[in-house]
Amino acid sequence: MTEIGMYGQQETRQRVRPRPAWDYLGIALLGFGLWVLLVESNSFYSSVLATILIWTIATSGLNIIAGLGGYPSLVQGAFYGIGAYGSALAMKWGQPFWAACIEAVLAAGILGLIVGLVFSRTRGQYFAIGTMFTGLVVSLVLSNWQSLTNGLLGINVEFGFGSIDQLNVVIPAAAAFSLMLVRFVSRRRLGWRLLTILEDEDLAEHIGVPTARTKLTGFVLSACVGAVAGVLIAQYNGTISPDLFDYYVGFVMFVALSVGGAGRVLGPLLGSAFIVGTPDLLNLSSGIGLLLAGIIFVVVIIVIPGGFMSAIDAVMAAASRSVRR
Amino acid sequence: MLIQAAVNGVVLGSLFALLAVGLTLTYGVMEVPNFAQAGVITLSAYAMLWLNQTAACPFWIAALGGLVVGGVVSVLTERIAYRFVRTRPLAAPVVALGLLLILDNTALILFGGDHVSLSPPYAGDVIYVGSATVPAVGVALIGTTAVALLALWLFLQRTKTGRAIRAVSQNAEAAAILGIRLERQYIVSFFISGILAGLVAFAYGPMYAVYPYMADAILLNAFVVVVLGGLGNVAGAAVCGLLLGLLESFGAIYVSAAYQNLFGFAVLLLMIVLRPAGLFTNRSRRVA
Amino acid sequence: MTEFLEVEGASKTFGGVRAVDGMDIKLAEGQICGLIGPNGSGKTTLLGLLSGTYRPDRGTIKLRGQRLDGLSTHRTVQQGVARTFQTSRLFFRWPLGANLAAAAAARLLTSTGDDADGGQEKLLALVGLAGRGDVVCSSLSNAEQRLAMLAVALATRPHLLLLDEPAVGMSPAETAALGQVIQRIRGELGVTVLIVEHNMHFMMGLADRIVAMNAGRKLAEGTPAEIRGNPDVIAAYLGS
Amino acid sequence: MRRVSNDRLTILAGTALAAALLLAPSTPSRADDAKTVTVGAILPITGFLSTLGPPERDAMQMGIEDINKVGGFEVGGQRYTLKLKVLDDESNPATVGVTAYRQLVDVDKVPVLVIAAGTRNYQALFRRSPLPVLNILDSTYPSILDVDKHVFLLRSDTPAYVPGAVWYLKNVLKKERIAFIGAGADPYSAGIETWVKKAAEEYGVKIVSVVNYPLNTTNFAPFIQAAMAEKPDAIYLGGVTQEVLPVAKQLFQSGIRDLPVVHNSGVTPTQAKQIIGDPLYNDVMANNYDFAGTLPETSDNPATKKFYKDFVTRFNQYPSDLTMWAYDTPFVLVVAMQKAGTVTDRDKIYQAMLGMPVPANTISGWIPADGGKLFHDRDAQTMSEGIGWCSDKKTIAPVFLYFMDGLKVTREKVVADACKDH
């Protein structure tokens, strides 16, 4: 019996009729709530929250190709890095801020296109290993191309926004938008086609789904959203270095998505909050933090393959059943 | 310069071969890209260090102790995690990286982040090969790899358990039908892979230093070899390990040292695209 | 007037084995044609060439005058060719209705989900699965899953339907029912059907024409009666 | 049965969970005790600079204890004591350091920030929340002093000690052909490389080869061979202890044992033993020459000698030059705050620092700038020292004392037999 879900989750996933647009309203409210949290709490907690939200954007991008399409891409960290370095370097060479952002996102999109084409014929485990090594090559270039990226020391980033408050609005807004984007895509044709590829790619091809083109579109979209997150982390920290985009980051983003719930709209937010938030909030040294993240990740992937969101589903389904009885 | 590059290549190649053979064993038997092997190497190296310095055992006793620790930790990774994802090839690479996270950071917490040197008695000696020089630790690495490959080859060809493991890696279901107890083969192959990891710690530890992330970079290099050699193909891994070592060392001297391990990764990416099942594969294993 | 389906000199080799070796087939619209032959005669490979699963090494395939042989799988489907598989393949974790919706929408521009014209119910009734739309495919019985595959193939509104051993694992009663379903498909939807099948009794009662293959080549072609009496076919089946 | 659409409930539950997760652990930020001033420091406790952070933390703690022992200090009629808060940047200023910066500067509101590495990475943050910044380690070229006007360097900058090493090689060891090996991407090594070339040109020494290896390289064989191909008679290694010692070890292991190996990493015997390994380190260090700040052990200032003994007994580590600068840091802060008459107004403290004199009981032996000021245009300077290795005693000993005036070596003193009286 082949593995029927991406992570072998056995539970059925109901394809319910599309609902009215209150989903987006719910997410927008969530975004507003997070903005209030960001501005109100003291600078240490707001810096942790800002990182969580930026990671939510990058992981939401990953959610398109990995969550909906079932392709375990471990290269999201590289797109995140290209967004950051692309925008920082473009501004250094005199581009205005908004032009630099667009160029960075385009560059990531192009890399996404190339990586998508290169790996179009590989699947499953090979795709994961191939994308991981691609992320490794990108992080090697970032840390060794001394003349361009100034090596491990990293580079400073000109501040493109009017003020810090402006940035503090853009980050939660972009996070909410990235969640909405995944909801929007999942109900459009691209989303359906990705979902058929997740379920059974060969069958999808045989009912007329242009699988190669769909995967490529999903991959480029993931890359662009990842780059947006890169631009924001560069603006927020004011300085970037290759360690921020180590090949490892791509893997931890995949962990965040899986823990949160791949394919679910809120998966990236919950996953990022957990994986990025916990070590910082308990201000553990990164050694203990990563150890905890590792343990929790292995346990979650084995015990609840669907991640938190499927656990919440199960709890709520049980609750609604008991309520009705 | 040519001999020196060749000598460097053989030393590096032996390291990759020793690493790749360990990885291939677990990949062949259970289709698991065992990235956690780097963590096993690190913990085994720290065990040797602790035995040699804190418990003041002679170097050779400490080395043996390290091998056993490697074997036990490797079996543990199978028992607590890999066992549950046997039917889920997509979950395997991520669980492997999760385990690597756990093992590396356990070493960081237990032994701290400092670079400490593991020094065998021959640490300072030098061997001359024509005009080229080879540090004694390099020669020890070549020797260790040669002995390990020979022993592994004999084990897999001659012993009953060895043949059982090869059967499992060919076709697990068929092997099960023939009455081979799969659980036992998984444990044995992970134990051997752990011993091989211990040998890497013994041979590679003295070359640079022991620190929590010491084996991550070289393991990724070795993974190129595993894919090149064909998943689950031990002979392929050994030969390709040597080839990659030579490629990287000549590349380092004649092209650019900065991008030394980039050559290996470029080859890997090419491989995955052109021949997903590897150069030497004895059957085209369609990875899910 | 161009034939509905014209296959000339189609060939395909897999790793040195010439599975299909220069096959010529002509099908008229609305026909039910059977494709028989011993195991390894290349029936399934030929079906794969027609459905776009594989691309022929040589030869041409024309459907209503359109060249199919160079197209990718999904483009062949868009030209109106659909197929089922030997082992049942469905989106098992989805309800049957969602499978049909995905098949219907896969190549259209509109988003899916809303079953506007109630087509699904008609389709389910046609294949004998009326009212089973909400059931998740993994909990359908084996026979129901095979019929479900048929419904999914029809949901792509094909002109040519390729069935790969549809009756495998079915009881005599279910096989008979399947025969009627195929008749109705041809009758009500005007779909041309090509069936690869071993069950001679099933084929004899159903097919207008039968093509017999052996070792990748056409052995014989004709009405069921002609084929039943043809010495070459009998020899190939019983082994010379 | 029409199942309750789970997505609406999931979104609400998700919001509640996300909010709870973030609010729960928000402890009120600790108001400072009116009597205590926090000395905030971001140091590399772990990571590849981990040989530098811990000794600086320990020495700073000793300095603070010595101040608090005599009842702390008085500013504007109020007595204060000092408290040390060190955050580990894990040798990764751009990621972990940035978070630590926000914690110390924005949350704990420290009056002055002490850092070791990563000055350039904090450039954007200096502009957002400026305060006086004391760097007690980072001498690179171009100098960190031009990163931001608030940055002070409490040690001699690269040009104040590197040229002396080249002068020593030419005039004392009579070497003519230097091969330089260093990590191109590491700014410390890049700074050393620049000044070695300038000094070589000035003193007429030939740099026969310059080899740059990528950071976190572990196999240096190809780089060593490339450097040796030019037949040098001396090797110059750029970088910190963690980078220099492995290269020195692999040089020895490749049979290169008779050439002097010069560097500026401030290695201590304990670190050499740990990184190179026992008993090999005694042979590898034999022809090793380390040119950096003066050592506490060799100073003739009684207070410095006392500091050396206290440090060794308390931490059984050999204190190198950076421990003296760390010990003096709290004394510099106290005098600056007293001169500014405030413990909170960061700008007043900054202005006071610019013109402050050399504090009384410091031990580094600061050489005053004109007018007795501590900082020569924000760089406090000391004598520099060349340190050799005594194989019989397995420890280090001074072989050369000097002070750089531009590229001119002044007040130089060659110690005849360093290991004898040591």
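By letter and in written order, the chains are A, B, C and D; residue numbering begins at 1 in each of them.
Keep in mind that, in the parts below, contacts are C-beta pairs under 8 Å (C-beta built on N, C-alpha and C of every residue); 3 or more make two chains touch, one makes a residue touch a chain.
Computed from a prediction, not measured in an experiment: that's the story for all the values here.
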Checklist line | Chains contacting each of subunit A and subunit C, listed by label | finding: none
Next item on the list: Would you identify the chain whose Cα-based centre sits farthest away from the centre of subunit D?
Entry: C
Notebook entry, point to check: Per the centroid of Cα atoms for each chain, what is the distance between subunit B and subunit D, given in Å?
Noted result: 38
Item checked: Whole-Å separation of chain centres (CA-atom averages), subunit B against subunit C -> 50
Next item on the list: Please compute the C-alpha centroid of subunit A, do the same for subunit D, then give the distance between them in whole Å.
Entry: 38
Note to self: Between subunit C and subunit D, what distance separates the C-alpha centroids? Give it in angstrom.
What the structure shows: 76
Item checked: Per-residue multi-chain contacts in subunit D, two or more chains -> 46, 184, 214
Next item on the list: Enumerate the residues of subunit A that touch no fewer than two other chains.
Entry: 14, 144, 287
Check: All pairs of touching chains?
Finding: A-B, A-C, A-D, B-D
Note to self: List the residues on subunit D that touch subunit B in their complex, please.
What the structure shows: 46-48, 50-51, 184, 212-214, 216, 218-219, 221-223, 225-226, 229, 242, 246, 249-250, 252-255, 274-280, 283-284
Margin query: Could you list, by residue number, the parts of subunit A that touch subunit D in their complex?
Written below: 14, 16, 19, 22-23, 26-27, 29-30, 33-34, 37, 41-45, 47, 49, 52, 143-144, 146, 151-154, 156-157, 159, 164, 237-241, 243-244, 264-266, 269-270, 273-274, 277, 280-282, 285-287, 309, 312-313, 316-317, 320
Check: For subunit B, which residues count as touching subunit A in their complex?
Finding: 31, 33, 80-81, 84-85, 87-95, 97-102, 104-106, 108-109, 113, 212, 220, 223-224, 227, 258-259, 261-262, 265-266, 268-269, 272-273, 276, 287-288
Item checked: subunit D-touching residues of subunit B, taken from the complex the two chains share -> 1, 4-5, 8, 11-12, 108, 112-119, 123-124, 126, 128, 133, 135-137, 206-209, 214, 217-218, 249, 252-253, 257-258, 260
Note to self: Quick check on the complex: what are the subunit A residues that touch subunit B?
What the structure shows: 2-3, 6-8, 72, 74, 118-119, 121-126, 128-130, 132-134, 136-137, 140, 144, 251, 254-255, 258, 287-288, 290-291, 293-295, 297-298, 301-302, 305
